[in-house]
Amino acid sequence: MQALTSRSKTVERKPMTIWERLYIPAIAKGMSITFGHIFKKKPTINYPEQTRPFSPVFRGLQVLNRDEEGRERCTACGLCAVACPAEAITMEAAERLPGEENLYREEKYAAKYEINMLRCIFCGLCEEACPKDAIYLSETFTAANYSRQSFIYGKKELLIPHPKLQPEAYEKAKGQRVKR
Amino acid sequence: MSVTHFLFWFLSIVAIFSAIMVVVSKNPVHSVLWLIMVFFTISGHYVLLNAQFLAIVNLIVYAGAIMVLFLFVIMLMNLNSDTEPQKNKWLKIAGVIGGGALLLVLVAALKNADTKNQIAQTGSGEIGLIHNLGIVLFRDYALPFEITSVLFLSALVGAIVIGKKE
Amino acid sequence: MHVTLLAIDLALVIEKLILIAVIVTVSLLVAMYETYAERKIAAFIQDRRGPNRAGPFGILQPVADGLKLFMKEEIVPNLSNKFLFILGPGLAMLTAMMTSAVIPWSSHIELFGRTIHLQIADVNIGILYIFGVVSMGVYGVMIGGWASNNKFSLLAAIRGASQIISYELAMGISLIALLMLTQSLSLKTIVQQQQDGLYYVAYQPVGFLIFLICAFAECNRTPFDLSEAESELNFGYHQEYSSMKLGFYLFAEYVNMFISSAVMATLYFGGYDIPFVNDAAFGAHYGQNMLAILQGLSLFLKVVIFIFFFMWVRWTIPRFRYDQLMRLGWKGLIPLSLLNMLITGFIVLLRQYGWHFS
């Protein structure tokens, strides 16, 4: 029969010699192999203390971005909701009132902005759709909670910390990720 | 009442109680377990007589090997009280009469047996120690010993012959 | 009836009771940390890290495990025999612990003007005692398996018991060859004989190998752990057990491992003898108590090496099939040990007659 690949090996079916049938040499060989493994470098990463470096295109949980002065970028245009294949995003728009210029960058803003994180597939299409760079997939992941309701993130959870008031938290939430 | 006395009475009472339980128990597995208890108490008696070798051999051979085989068979046969055949009423009466007659004969036979002046050598006898026992077995009783081993061998071969499929 | 029951040496009783308490505690502690070591070694051999969360390096892991077992729900099957069901794990534990009575853990220490031998009972049938207790170990398995009122448990119990009985034979015969050399059944004497001169493993390498393999089988350790073969019989004879009763069965295995390591070290590797050191001269120089401590540590080190070996084998060699196990026991080890015994007897006789046939 012709071999299917050039790498196939034919199995020898010779009867074992006495030396092989003693099994002790084979056992000793196996034991030496396992003993050698004791001193090998462990590939395990001690997760909560150490983390693996993220890929520059990693897509974690979304955040709603602010600009350099800490104003919300989102204008509630709804493009992200349209782009979302999982239909996880809903929002309600509101008009900026006079005196709120330091809070919202444009005249219109999202009064309510919700992402259902259980529906979200982290495809990043919302980020690509956003004309204002307002939504951004961060490096945060492994969200854990006790109820499904709590996975519907509102603005409270999504908004990135203020870059001037809480600069450290802002940097942490922003992460090292680069936008494609 | 010394410790030896106390132990003797304790072991004897436990032995007799266990022996009765062997007969009385409904469940054969319990019977076997009580029988193991009997062997333990008898080994205790051997130790009191300073026959440690006999004590431990009794445990190894009877409690450790033969009783395990008993348990094997009984557990695999799954004998329950409901699978036990109904015993005839007359059979019970016959059993009582037969047992009573045996007791009577034994009492009559042993009534005059001279046991009073033979005192058990508790803690001082030497014959049960392995060294002395070995010398007795292999010097004085070498031939009976060898014949016994032939008997065992033939029993072994016989078991294999019976157990082999045709 | 005058009470002379307390006429026995009270100091001796107290001494022995303390010794028993210490040895039992140490055995349990060692067994506890064996579970930890098992998991660590398994992890290392498989290039993992092993438990490292509870305490530094995970050394509190056994405590956590024990706590978990205690907290679990205790289930007694409805139709089981309640008394025997509880007796089973107790017996397994008891027989595992009882063997430690005759092992000489060290020579003797001098304390409060008394010479205390660090051995619970120096009976002149030490080896046979171990053998007898080991043969009792079958009952823990069998009673537990039968009392569960479960066909799988029963089958596993019977497999386990027949395995233990089969390997007991080869173990006994390999010991007889050793006994021909030692001329004594007392473990203390055997250790003392090895203090000057070679260890008995040098005289009885084949016997030691057989004993080692049988010890694996007796402890239900991995190439022979069929009675707890998860994939075939769910979980083996302790399938119906939960909570600390299961813990007792698992724990008994580790205690057994500790004790059989100690027995092997005593019989074949000189027991508490410190290797490469003349113990008597050392004792004269540094004092008896110091010597006794070092000897105890020496035995402990040997035991630890054996335990490591047990675990190393467990994570290397796959499990036997049942017929292979029986074939190895009856057709491999028993003839080999018989041959070993005959050759040993022949050589012992030759030596007695001054190396010539007449």
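So that you can tell them apart, the chains are marked A, B and C in the order they are listed, and the count of residues begins at 1 in each.
To be clear about the criterion, contacts are C-beta pairs under 8 Å (C-beta built on N, C-alpha and C of every residue); 3 or more make two chains touch, one makes a residue touch a chain.
Since we're looking at a predicted model, the values are computed, not measured.
Taking A-C and B-C together, the chain pair joined by more C-beta contacts is B-C. Set against the Cα centre of chain C, the chain with the most distant centre is A. Once the centre of each chain is set as its mean CA position, chain A and chain B turn out to be 74 Å apart. Computed from the mean C-alpha positions, the centre of chain A lies at a distance of 51 Å from the centre of chain C.
Centre-to-centre spacing of chain B and chain C amounts to 29 Å, using the average Cα coordinate of each chain. Of all residues in chain C, those touching chain B in their complex are 1-5, 7-8, 84, 123-125, 128-129, 131-132, 135-136, 138-139, 142-143, 146, 154, 157-158, 161-162, 165, 168, 185. Taken in their complex, chain A has these residues touching chain C: 27, 30-31, 33-35, 37-38, 40, 42-44, 46. Remark: chain B residues 1-3, 6, 29, 33, 36, 52-53, 56-57, 59-60, 63-65, 68, 71-72, 75-76, 129-130 touch chain C in the complex. Listed in rising order, the residues of chain C touching chain A in the complex are 41, 44-49, 52, 312-313, 315-317.
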